[in-house]
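Pasting the structures here.
Next, two complexes with chain A in common: one pairs it with chain B, the other with chain C.
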Partner chain A sequence: MRAKSAFLTVAHRLAILAYIAFALFPLFWLLKVAVTPNDLLYSEGIRLWPSRASLEHFDFVLRHSAFPVFFRNSLIVSGSTAVVVTILASLSGYALSRFRFRGKYWLVTLMLLTQMFPLVMLVAPIFKILSPLGLTNSLTGLVIVYSAFNVPFATFLMQSFFDGIPKDLEEAAMIDGATQFVAFRQIILPLTLPGIAATLGFVFTAAWSELLFSLMLISGNEQATFPVGLLSFVSKFSVDFGQMMAAGVLALIPACLFFLLIQRYLVQGLTAGAVKG
Partner chain B sequence: MDYAVRQQGLSADRRPLTKRIADASAPYLYSAPALILIVTVMLVPLVLGVSYAFRDVQLLNPFSGAFIGLDHFRALSQDEAFFRSLRNTLWWTGASVLLQFAFGLILALLLDKPFRGRAIAQALVFLPWAVPSFLAGLNWAWLFNPVVGPLPHWLYALGIMSQPANILSDPELAMWGPIVANIWWGIPFFAITLLAALQAIPRDLYEAASIDGAGAFQRFLSITLPFLAPTIAITILLRTVWISNFADLIIVMTNGGPADRTQIVASYIFTQAFKRLDFGYASAIALVLLALLLAYSLLIVILRQWLLSKD
Partner chain C sequence: MASIDIANIQKSYGPHPVLHDVDLKIRDGEFVVLVGPSGCGKSTLLRMIAGLESVTAGEIRIAGRRVNELAPKDRDIAMVFQSYALYPHMSVARNMSYSLRLRKTPKERIATVVAGAAAKLGLDPLLERRPRALSGGQRQRVAMGRAIVRQPKAFLFDEPLSNLDARLREQMRAEIKKLHKDLGATSIYVTHDQIEAMTLADRIVAMNAGVVQQVGSPLDLYDRPANLFVAGFIGSPGMNFFEGTYHAGDRPLFETAGNIGIPLDSSAPLANNARATLGIRPEHIVLAGHGPETLLATVDLVEPTGFGIILHLSLGRSGFKAFTNDRSFLTVSGTIPVHFPAHSLHFFDGEGNRV
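This part shows the complex of A and B:
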């Protein structure tokens, strides 16, 4: 009996290790090629770690390529989208959590449907609408589009956080003479700070990763976001593997930072989103 | 009595008219900004896109835009590439969803047991979820590339491949590239959702069952699975729709090639709009895709009703 349970424990730990290895290996390889000097890249192709590591690719990418611009553009777009969406979603999530009103059912249905239908359908019409407004090839245009795409999910996420806060709190404040909006801003919002952080993180990561619409809407190098820049780099200089992977490692940093921040809320947050949308 | 209650209700509501209007409009004011954004950026383009499907809209041709009826759909019914992309979509979605679910469920079960270092193990195995999809695609494309990636050499050493070649350029095998990348990227989503559902199962149920002499496998079948079933059903349904539209990995890794062998409907729409700039034809394909997805969702709803009524 004891031998059997020891065997099960070992099998369990080995299985976990196998999952960790599978999850991390591609990222490890990205880093490995990024630090391999060019003269060793082919001769030591499948060694797990090069005999000599260097940061020359990072140096090149940061100093002699357009990647710092792409990085800045992506940071502006993802940051602005995260802030805009979180503000809008706190308001609408609060409405869904605290009020019963005519049309609420339709609002929820509309938001659920936007989560279901293929966004790739909108690539052409959105281009046609934004083009005469001068919003193609512009970071503002991307922020508007990404904000709309992310508001429904963020609304459900914020709603689930508001639902966890007892109603009595703002009722007490309103008896003391505060309007509901003041109660919302001064009492409820500070209590949902973890929820706000999680929403910011989710939306930032989603906007940082978006590919199709930025490919379609952005054409010049000055406005390119990271995915567009990296893909055009890949098709132009497809032999500079070290530099491409160094750029890839840099693109990974903000996403991983946000992931570590929101990691604790992940199980809670994704479930709220997954059950409803 | 009814009258008395209403009287009371009226006399209780002594708020001035402006205040009452303000109170009644409050929920609409809170949700208006989000709603306006969704309507202008998603609903209006959707309607416009539907109209494009019946018009000749080409970006580079200023004389296009005329109403052409069902011409796009007639062309579509003759389009071999479209039917191939439809078959590829089934293959891509089926394989990705099933394998993501199977590995995600195993991972969730492994993480449900308390053990030392669980928090850190959980953070590490969920990490792929945070990797941007374009980077996941590029990363796996490089791993499959025999010049810088180890995978072809390992497959060769194991005797699975006759020479270390890139499977992404092999028409027979190319689809496995994006599917493997998708599995790597999507396992955490299933694991996170299922883990949350697992943790909601009351622990005493398991204790009671083991006192009654139920083995581990029996407990899994009679407690875990029934509790997980609703979560599994809804996650698979939503993920199927989502993955069938998920073109990023394919566009990054193979761009639909070699010889359209990895082209799915979503990437075909994107190619028509982005490369050929034929917005009319792209919208017609999109409309067909939407109809198919609606039919699929409706089928699931009907199936669910039927199963519920049978019980």
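This part shows the complex of A and C:
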């Protein structure tokens, strides 16, 4: 019996390990190419690790390319979008979860509808709308567009988190002497932190990796975000893989940091103990 | 503390009426228990008093003041939820003091009051814990504690003990009774549990389908149920009913639908040949006798409960139950004599109302 269960445990672990290896291999390759000096890139193409590793690509990317600008632009755009969307989605998600109001059904339908169009279809009209407003080639324009696209889904996400919090809690708070808004702020919001963290993370990564609109709405390096910037490593005659991958590795850092920061909220079930069950 | 007047309250959810013309005056310091089958509107009534549901028609007054339009926080009542609804991100002490902190009560006063309530409920060692680290019974106590830290005008309880096991329920029931004696607070208590209703209530309000059926002391409802619903609802095992016809005369007789004649010791307040329902509680049936008023009942089943014995009997086609403490009935079979004493009989007319 013991032997069998030990065997199952080992098999289980192996399966997980295989999955992780499969999922992380592209990331590993990214890192590997980033540290491979140019002269070894093709000659040692299929080796798991180059015979000589160097940080020259990182050095070049950081000091001689426009990458730091892209990076800063991306941080501004993604951070602002994440904050704006999360605030809007918290309020509207709460309303959808708790209030009954006229037109709610149609509002939800409309929001779902906006999620059904391929973005490509919308590029031209959005460009037309933004350009007389002076919002093309501007980070603000990008934040507005990204926010508009992310609010519906983020709202549904937040609504589901609010739905998971028993209504009794707010009612108890209101009987204890709180207004609806105080109950929201002091009781509900703290319990929704995992949801808020998830929404922040989701929107941040979505904005961080968005390419299409950035490409269409931004011209020139000054306002370009990092995914567009990556393309600048592709020249007419060659692709500078080493520098491109080094930039890619650097671009992973904020996303990783961000998730490290919020992971303690993501894994925690904060409502445990509220009600019997 | 305060009185609560409920005047011709109605409640509808859209087109669906849930409460019809509920009229109830609750005196200062009274303990009123709402009972009734699931879905009859008990929680709805309680939540309307708390201000969590709007009032469709009628008026609610707390301490003489109309509160229909008042937000829950301005009504100054406390409520214990069936789910306890403890704030999971706050310690026990902070859960209990939340209402006081919202009212900007001075810190020293909060500390004293919380310590007092904790001592009363045996929560002292748990004050720094989060609700998640408490047992069901402890959570229940915290919910009680949260209600008693301030002196509200009234306490509302919505099935506060229904999530506890039988033993704990018994214990908490006694503690709630003691608390009420100490605090003397006006209380409205919703329950499914007969014993809770009987033991706690100054008055019981029996409801069915959004209509108040009877209001009275527990023994009132037990001894003189106003109609068939209350008669069947109060008491366990429930009252036996026989439908049939009343025959007046020198030797009054109740003839059941199965043509069994039940001789009556004295005449009933019914017209001759009136259709009626006769009711008798299982514990009031006498399992002996030999006179003309004695009937022979068939024993279908014997259920020992430890405390007593429930006998499933039948007269012709009508089955009924009898309850006895006499252990010699554990082994009965065949037929036994039964007698329905006149003073234990209840008669209900065609509409189901007591006569």
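In the analysis below, the second predicted complex is superposed on the first by the 227 of 277 C-alpha atoms of A that agree within 3 Å, B and C clash if a C-alpha of one lies under 4 Å from a C-alpha of the other, contacts with A are read in each partner's own complex, and residues count from 1 in each chain.
To be clear about the criterion, a contact is a pair of C-beta atoms (placed from the backbone, for glycine too) under 8 Å apart; a residue touches a chain by one contact, two chains touch by 3 or more.
Since we're looking at a predicted model, the values are computed, not measured.
In the superposition on chain A, A:182 makes contact with chain C only, not with chain B.
In the superposition on chain A, A:221 contacts neither chain B nor chain C. Of the two partner chains, neither chain B nor chain C is touched by A:109. Between chain B and chain C, B touches the greater number of residues of chain A. Of the two partner chains placed by superposition, only chain B is touched by A:252; chain C is not. Contact with chain C, but none with chain B, is seen for A:191 once the two complexes are overlaid on the shared chain.
Judged by the touch definition given at the top, the superposed model places A:12 against chain B, while chain C stays out of reach.
Applying the stated contact rule after C-alpha superposition, one finds that A:51 touches neither chain B nor chain C.
Common to the chain B and chain C interfaces on chain A are residues 270-271, 274-275, 277. Note for the complex: chain B touches chain A at residues 26-28, 30-31, 33-35, 37-38, 40-46, 48-49, 52, 57, 59, 106-107, 110-111, 113, 115, 121, 123-136, 138-140, 142-143, 147-150, 153-154, 184, 187-189, 192-193, 195-197, 199, 231, 234-235, 238, 241, 245, 247-248, 251-252, 266, 269-270, 273-274, 279, 282-283, 286-287, 289-290, 293, 297. Taken in their complex, chain A has these residues touching chain B: 12-13, 15-16, 19-20, 22-24, 26-27, 29-30, 33, 41-42, 45-46, 88-89, 91-92, 94-96, 98-99, 101, 103-104, 107, 110-111, 114-129, 144-145, 147-149, 151-152, 155, 180-181, 205, 208-209, 211-212, 215-216, 226-227, 230-231, 234, 241, 244-245, 248, 251-252, 255-256, 258-260, 263, 266-268, 270-271, 274-275, 277.
Those residues of chain C that touch chain A in the complex are listed here as 50-52, 71-73, 77-79, 81, 83-89, 98-99, 102-103, 130-134, 136, 139, 146, 163. By the touch criterion given at the top, residues 166, 168-169, 171-179, 182, 187, 190-191, 270-277 of chain A touch chain C in their complex.
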